[in-house]
Every structure is written in structure tokens, then in C-alpha cells.
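Read from first to last, the chains carry the letters A, B, C and D; within each, the first residue is number 1.
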Amino acid sequence: MEDVVIRTLEKVPLHEPILVEGLPGVGNVGKLAADYLKEQLPAKPLATVYSKFFPPQVYVSEEGIIRLVSNDLYYWKAGGKAERDVLILGGDYQGISPEGQYEITERVLDYCRGLGVKEVYTLAGFAQGKVVEQPRVLGAATLPARVEALKKLGVVFSRNDPGGGLIGASGLFLGLGRLYGMEGACLMGETSGYFVDPRSAEAVLKVLSRVLHVEIDFTALESKAQEIDRIAQKIHEAEQRSAEPSAPSGGPPREDLGYIG
Amino acid sequence: MEDVVIRTLEKVPLHEPILVEGLPGVGNVGKLAADYLKEQLPAKPLATVYSKFFPPQVYVSEEGIIRLVSNDLYYWKAGGKAERDVLILGGDYQGISPEGQYEITERVLDYCRGLGVKEVYTLAGFAQGKVVEQPRVLGAATLPARVEALKKLGVVFSRNDPGGGLIGASGLFLGLGRLYGMEGACLMGETSGYFVDPRSAEAVLKVLSRVLHVEIDFTALESKAQEIDRIAQKIHEAEQRSAEPSAPSGGPPREDLGYIG
Amino acid sequence: MEDVVIRTLEKVPLHEPILVEGLPGVGNVGKLAADYLKEQLPAKPLATVYSKFFPPQVYVSEEGIIRLVSNDLYYWKAGGKAERDVLILGGDYQGISPEGQYEITERVLDYCRGLGVKEVYTLAGFAQGKVVEQPRVLGAATLPARVEALKKLGVVFSRNDPGGGLIGASGLFLGLGRLYGMEGACLMGETSGYFVDPRSAEAVLKVLSRVLHVEIDFTALESKAQEIDRIAQKIHEAEQRSAEPSAPSGGPPREDLGYIG
Amino acid sequence: MEDVVIRTLEKVPLHEPILVEGLPGVGNVGKLAADYLKEQLPAKPLATVYSKFFPPQVYVSEEGIIRLVSNDLYYWKAGGKAERDVLILGGDYQGISPEGQYEITERVLDYCRGLGVKEVYTLAGFAQGKVVEQPRVLGAATLPARVEALKKLGVVFSRNDPGGGLIGASGLFLGLGRLYGMEGACLMGETSGYFVDPRSAEAVLKVLSRVLHVEIDFTALESKAQEIDRIAQKIHEAEQRSAEPSAPSGGPPREDLGYIG
């Protein structure tokens, strides 16, 4: 088979669709945001992306049913105040090698160009390495006009962040997207980088909902954020205790906690 | 040459063949089961699979004869109570890179589709990280009906196992198999993960023999299991001794024992 | 898309162009030299090289604008005493895998052959592992006549350096270039290998300017070199202090200082 | 360019040529033997093999001349008691990835088939992990008849060695060679694995010279062996001294000594 296979599930004409990308990454912010957007609109399955650049893995559902790892495109036909349709790309993994990242991104961009996409928003987390109480949304864009437009929505364009640029799908969909005639921006929610972060995803989605002119009910995401808060608080307390005199070696480093979702 | 080369050794018409896959993996359960099934039926060589995604390696027989590492397809013409022919895929290695796993699996599936295969059973071990006295057989399938059918044969479908899904050929043959119009299931024998485990292979084969309607004499596999039991017992005793007061640092971790076949 | 994509920005006829390559590497000497040459001539953008063998990364400008990592070809139409046009290849990265190095180099060489290039100079640093006060320029060439010509310009051809040969783009553009009918040489500025080294780049450029018959104002490069000198001096002093009796374990190893640009 | 490029330097008809492969590996035995054979016959350059599966590297001669890393085919027209021509494959590297090993071997085999090769001898070292005073030559072959023929020349076919098979070019040229209609054998000189081992190469060549019906003057190889012996002896003495009571931690492990050529 080809390196990347895209299976169309439903052929549907789209009106000036905007592509929203949110795949696993820092704090899982992008994926959380994209998945939540998909559920809230709600968006319907449009195509499945398989690739040998994903891990050779299947997931098994609670009912025992096997599913090959994939990325997935969903579509939403515009309604309410929104005038343009929305495509959402989510999934289990980003490509697991640099070449794979390029190959998958290109094939998806090529496919989306065929669907009429000219505008892309990528969603990601920006690791601050410390607890972030009220996550800001940092931005990067392909055009100065878009930078200005996003600034008005409260997006922060910082001279030094992200200093090393963006690595992975969120950058590549924009950088390669330009070669496919697409413009767009990346919305990065600040996050500690230690936990899956629904609150950062919420901050990102609040900006995106204004860009897309859609209304999103954040109740479920907020309760997920509070759950993570509670877990983080407990771990913090455990750290405090283990950092007391009786534990001379100090508590476990935060990096060891892994993701909790 | 191509990335994957399949050399047909014998052209033989097959009647609704069922593909059974058992390659090296956790506890070598899948490979042990597939190899034992092949010997017991007995199945004959049908094709050899070479690939640059296997290690660049040859094996040397006791007589000094060289053989390039490969996967191998064997066939068995149905007899007795069985109505359908059986294809068995065994071999020295799984593909050694993620891309290789995909490429090899696809080529073998494509070849097997040409032979009329529409049903696949993959055999694997499921590492429990502790000694398993009476291994259960866990399952995962491509269709709910198959889940129900296997439950009746005693296969356990656990809500949480395997939590992270299946990685490697046993998952991929099913996940990719669906793209080739095949349905099937994975039978996973519980195993410690520390030893080659013929007893777990036996548990898997007992289920599979009922699926295939074949009769298998387990005497040789049972004696191999007892041999491994003796070795494991000796190591366990050695651990016990080294864990006594005189050895303050405790015995070696089990993970260091490696596979014993 | 292809593995390597070269986008022509301006079609311009070139007169017997000489290709100068300077990509990131030891002491960043080659990149510093090529970038400085580009600014001083000044050279204009001719083509952009994208590749899946670069990291999947975009850079973000201070204004928040995204740019996909790339290599870049610039051209300069001969003037003054120079009779031949100059092509300069700079960029963000070398290919990140051995295969990628070959693929990118070949595609760029093929493209440059189409522009009439028959002569290549590659610029690099040569790590001495110790502070180099007055960097010499070491050479390696594709033809004995070129060795002799460069010796007259003060380039050192050492029997033992570089003992292990040249690894990366600076060697490959010459080694592969011969298969494309190109001859040339590598100019390696001695450098400690611990810092970005503008002084070594200056030494390399002084030779190259005579090869190309161009005049270069080294004021800006010299002031950059002095800045690095000051940083190195401060670190050296810090090392001295930490190496005194009160710090029994000695100062940090130089390797940990990383690059400072 | 292609993944593997073979440049023919001289077109020459060959009479039933036998291919001898000796590339870098354990103790450099194969490469030493092939290079020495090439010099003694003497053999002439026939073709150069370049590949992106070699390191992206050039070597620089003492005169400052650059050469891209390669494998190289030499030929010798039969004379004296020999009736068949000989092809020798030597070079700087084996392919640096498993896929690369396969790709290069296949392309060279395909090329050699075009030259009429039906018989292959591969030369290698067999690491014993301890000093070997009088290296035996172990064998592995593609056919029982060849095993018997080599036994008569003193080659040892051991039931257990090499237990894990052969990894790399020496195995692959035979294992893949069979798919190209070639038969042959691997001659493995016992070696410690700690040093470049001309004595082991000599043992291998003594067998090979009888296979090829050529006469080889071993004087130069013998003096190289004695030189290595002297170096090994000095290191051994240094180890002895450092292992005495005054050095409680013992001498450096032999593995750290690296290769000395």
C-alpha cells in the first residue's frame, strides 16, 4: 500500500472549509481541544488516515473490538453565526519519524486542498515548565494580517516564544500548508507540560470559537479540568510531605509523574 | 529487489483458507503455538517471505548450511472434522522497524487475499509481569459476533486488557486485514513475560483447535512446558536463597533472566 | 511530494557560477562564513530547498510569522574584479539522517548543474578540541592542481588532518559533486569546537574572497568575534575560580557550555 | 540518484568468475584478507559502488585529495594453476542500516550476476572473546557438497558456532546470493574480537588460496601480524601491572582498547 492511505467515509461538498488540526502533543492540549470541538459542534466522520509512519498498533475497545491506529477527519456544516464549514483533524498519534511527519502532513494537506481548504488553524500546548494558573494563548501565523486579527482576540505574540520554533504537526501543517496555498495560524495554550491540561485546551478553544464563529459549551471540559486540578493537588501535597525532613532525598521529580488523563 | 519478496514454493488451490499468524513476541507464545500447530497437522511449506525489514542475517544449521532469515507460510488441506484449509505464518522475526511491520504485513495480507483468505487468527502472549499458573486466553476481535463466539470457547474479553492495545504483527494482521476485507481475532495467552511459555501456547492452541475443528496431541508441548517449569523452579529457588539475610541486596531482578527456550 | 523540493524564486542566467556551501556544523564556521558572504556581496534569493529529511519544524519570527525550515540558494552577479557569478547555499539544517544527507546533496547538485555550476567550495569548521588563537585554514580538494593553488593562498594541507575524513555536507558536496562533473575544495577553519566561531569563519572567508576575487569588509564579523571572545573569557574565568581549592570537583566540563551565538 | 550506484570503470569479459567478499567487520578479518588478496594477485579496479546507505563521508588522502566512501570491485584474470577469474569486493563500510545492508548486497549481487558470477566466498572474523593463538577457520555454506569440500581443506564446521547465525554482509551475500542463483561459503577466521587480526586473515586466506588455486606470498601479512602481536603484548603487560595489588580496581577492561590497525 502507499505510505499514507486516506479512506473517504462520506463524500460531502464543503463551503470554504477551515481546517482545524489537534493531535497528541505537549499537555495533549491540541488533541483535547480538537476532540472537544468535534463533540460539541458536533462534527461527523469524513475520512480516516492510515500510515506506516504510525506505530504498528491496534487499539481494543471495551467491547473487545480492534481498531487500527489512525488520524481522522471530521466535518461540520456551518450553522448559527458561522458561515464556513469546519474540518477537524484529530487522531491517536503524530507520525513517529521526521520523514513520517512530513509525509502524513503533505498527504492530508493535499487531500484537504481537494476539499477546498485554504485556511488552517493548528492547536497545541506550549510547555512553560511550571504550573500555569491562567493559561494565555500564544500565537504564530503565516501572515501579518492574521497576527493582527488574532491579537484582537487576546492571542499573545511574544518576541521570544516559541524561541526554537514549533516542532511537529502544528508547525508543519502551517509551514507546508503555505506550499499548498493555505494560510493560517497556530494557537498554543500555555501549560506546565507535566499534565494533560484541559484548562489550557479551554483557553485555546475560546479563541478558536471566535475565529470560527461557533458557540461552545465548556461545562464538560471545565469539569475535566477540575478533575485534573484535584489530581495535581494531591500529587503536590504528596510532594510536600515527602520533601519534609523525614524524607532526606526529597520527593519524586515532577517529570516522573507522567501524563494523567 | 522489492522491500518484501514472497517466493511461492508450491501452487496449491485452497478451500476457504483460514490464516493463522504466530511470530516471535511476548513469551514467544504466538510462535510456539504456530510452530506446534504446523508440526501436528502437519502443514507443508507454501511460500517464503524475505524482506529488507528483517535483520541482515543468516542462520546456520547444525550441518553448516546457511539459510536467510524469513517468514514462512505453510498450508494444511482440511481433513477430519475440519472443512476449511489452514494457512500458518511463522518465522524468525517480525519486521524490525515500524514501517517494516506495516510493509511486511501488507504484502503477506495481499498475498493471502490472493489465496482466498477472508479470516485471520493471530496468536500472541499477554505479559502479566508475574507467574501465571493457569493461563487464561484473552481475546480481541474485529467484529462483535466473533467476540461472542469466542466467549463461548472460554476466551476472556477484559474491559481493561490489553489497555494499550496490541503492538506488532498480531495486532497489525487484524487492523490492516480489515482494509483487505478480512475479519478475525487475536488469541492472547497469559504469560509472565519472563520465559518462553509453552503452557500459554497450549492454552491458546486449545482454543484455536476448536475454532479450526482440528485435533491436536499436546503431549510434546506439555513436556516442553514441564521442562521450562523445572528451569523456572530452579531459578526461583536460587532467588529465594540469594534473597536471604546474607544477601542484603536481594536476588537479581527477574527481568534479567532473559528468555530460556 | 518528493523527498526534496526545490522552489525557484527567480530565474536568472548565471555566468560560470561557483557554488559556495556553508551549512550548520562544527563551530558553525561554514554557516557563519556563507551567511556573511551573502550579506556582504550582497547576494539575492534564487531558490528554496525543502525536505522531509530536515526536522519537522517551523521557525517563528519576532513578528510572529512562521517559516518552514529550509536550505536556501542565493546568487550574486559578478562585479568588480570578479569574473564569475557566485551561488551560495546556506540554511537551517543539514539533512538529519545519512540517507537524507545524500538525497539533499544530490538534488541540490543536480539543480546547480542545471545552473551551470562546475566548481564547488565548501566551508566548514575543523574542531581542534582546544582554544585556537589564530585559526589556520585547512584544505582538501578534488584535484592536485587545486591543492597547489590553495597552498599559495595559505591553505594548509596536513598529512594527518582531517584523519577520519569529512563527515556531512561539506564533504558530500565534493565527493558526490565529482559524480556530477564538478571539481572543488573544502576550506576548514580551525576552531575549538566549543563555541560558534566568527574568527574562524573570517579566516575561511579571507581565503575564499581571494578565490572568488571579491572584496569583503570584515568589520561586522570582527566585532561578532570580539563579542564571542568576551563571553569565552568570562566562562574561562568562571572555570578558573571553580577549579580553585574550594571547589574540589573542578569546574563544569567545557562540553556542557553548548554553543553561544 | 538511485539508492545504490555502481560505476563500471573497465568493461572486461570474465571467465566463470568467483566473487570474494571482504568488508569491515569483526577483527577486520574479512577486509584484511580481501585487501591482501587484491594486492597479491594483483587485481585491477573494475567498478565502484556508492550508496546513500554508507555514511555521508569523504576520505582525504595524504596529498589532500578527496574520495567519497565506497565499496569497490576488483578483478583478476586467471593465471598459473587457476582456471577461473576472481572478483574481489572490498571497501570502507558495510551498509549502516539493516535496509541498507540488503539494498547494497542485492545491487552488487545483481551486478555480479551480470558478470557471470555463480559462486561466492565471503570472508569474516569470528569473535571468540579471548586471545586465539592459532586461529581455526570456521565455515558455513549453501550446499552440503561444499561443506564436505571445505572440511577437506581444514575448515571447521562446528555444530554450535556460529550459534546466532551470521549478521551483516558475509551472511547476506550468501543468503541473498541463493536467490540470485549463486552458491558459496563463508570462511570465518577465529579472532579475539579485540584487535585487528592479520593472523586470522592469513588463516582465512590460506584456505581461500587453495579454493581459488592461487599462490599467495604471506610475508607482508605475517609482518603485520607480528606488529599487532607486539602491540597486544604491550597492552597485556600494562594490564598485568595495573592488575597488581597497588591498583585495587584492576586494569581497564579489554573492550575499551578498541581496534588498533
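In this section, a contact is a pair of C-beta atoms (placed from the backbone, for glycine too) under 8 Å apart; a residue touches a chain by one contact, two chains touch by 3 or more.
Predicted model only: the values in this text are computed from it and were never measured.
Averaging C-alpha coordinates per chain and comparing to chain C, the farthest chain turns out to be B.
Counting the residue numbers used at the interface between chain B and chain D, under half appear in both copies, so the two copies meet with largely different residues.
Averaged Cα coordinates give chain A a centre that lies 53 Å from the centre of chain D.
Centre-to-centre spacing of chain A and chain C amounts to 37 Å, using the average Cα coordinate of each chain. Under the contact definition stated at the top, not a single residue of chain A touches 2 or more other chains. The touch graph of these protein chains is a ring, one cycle where each chain has exactly two neighbours. Interchain contacts (touch definition given at top) occur between A-B, A-C, B-D, C-D. The touching residues of chain B, counted against chain D in their complex, run 1, 5, 7, 50-60, 62-69, 96-97.
By the touch criterion stated above, chain D contacts chain B in their complex at residues 95, 98-99, 101-103, 105-106, 139-144, 147, 157, 159, 162, 165-169, 171-172, 174-176, 178-179, 186.
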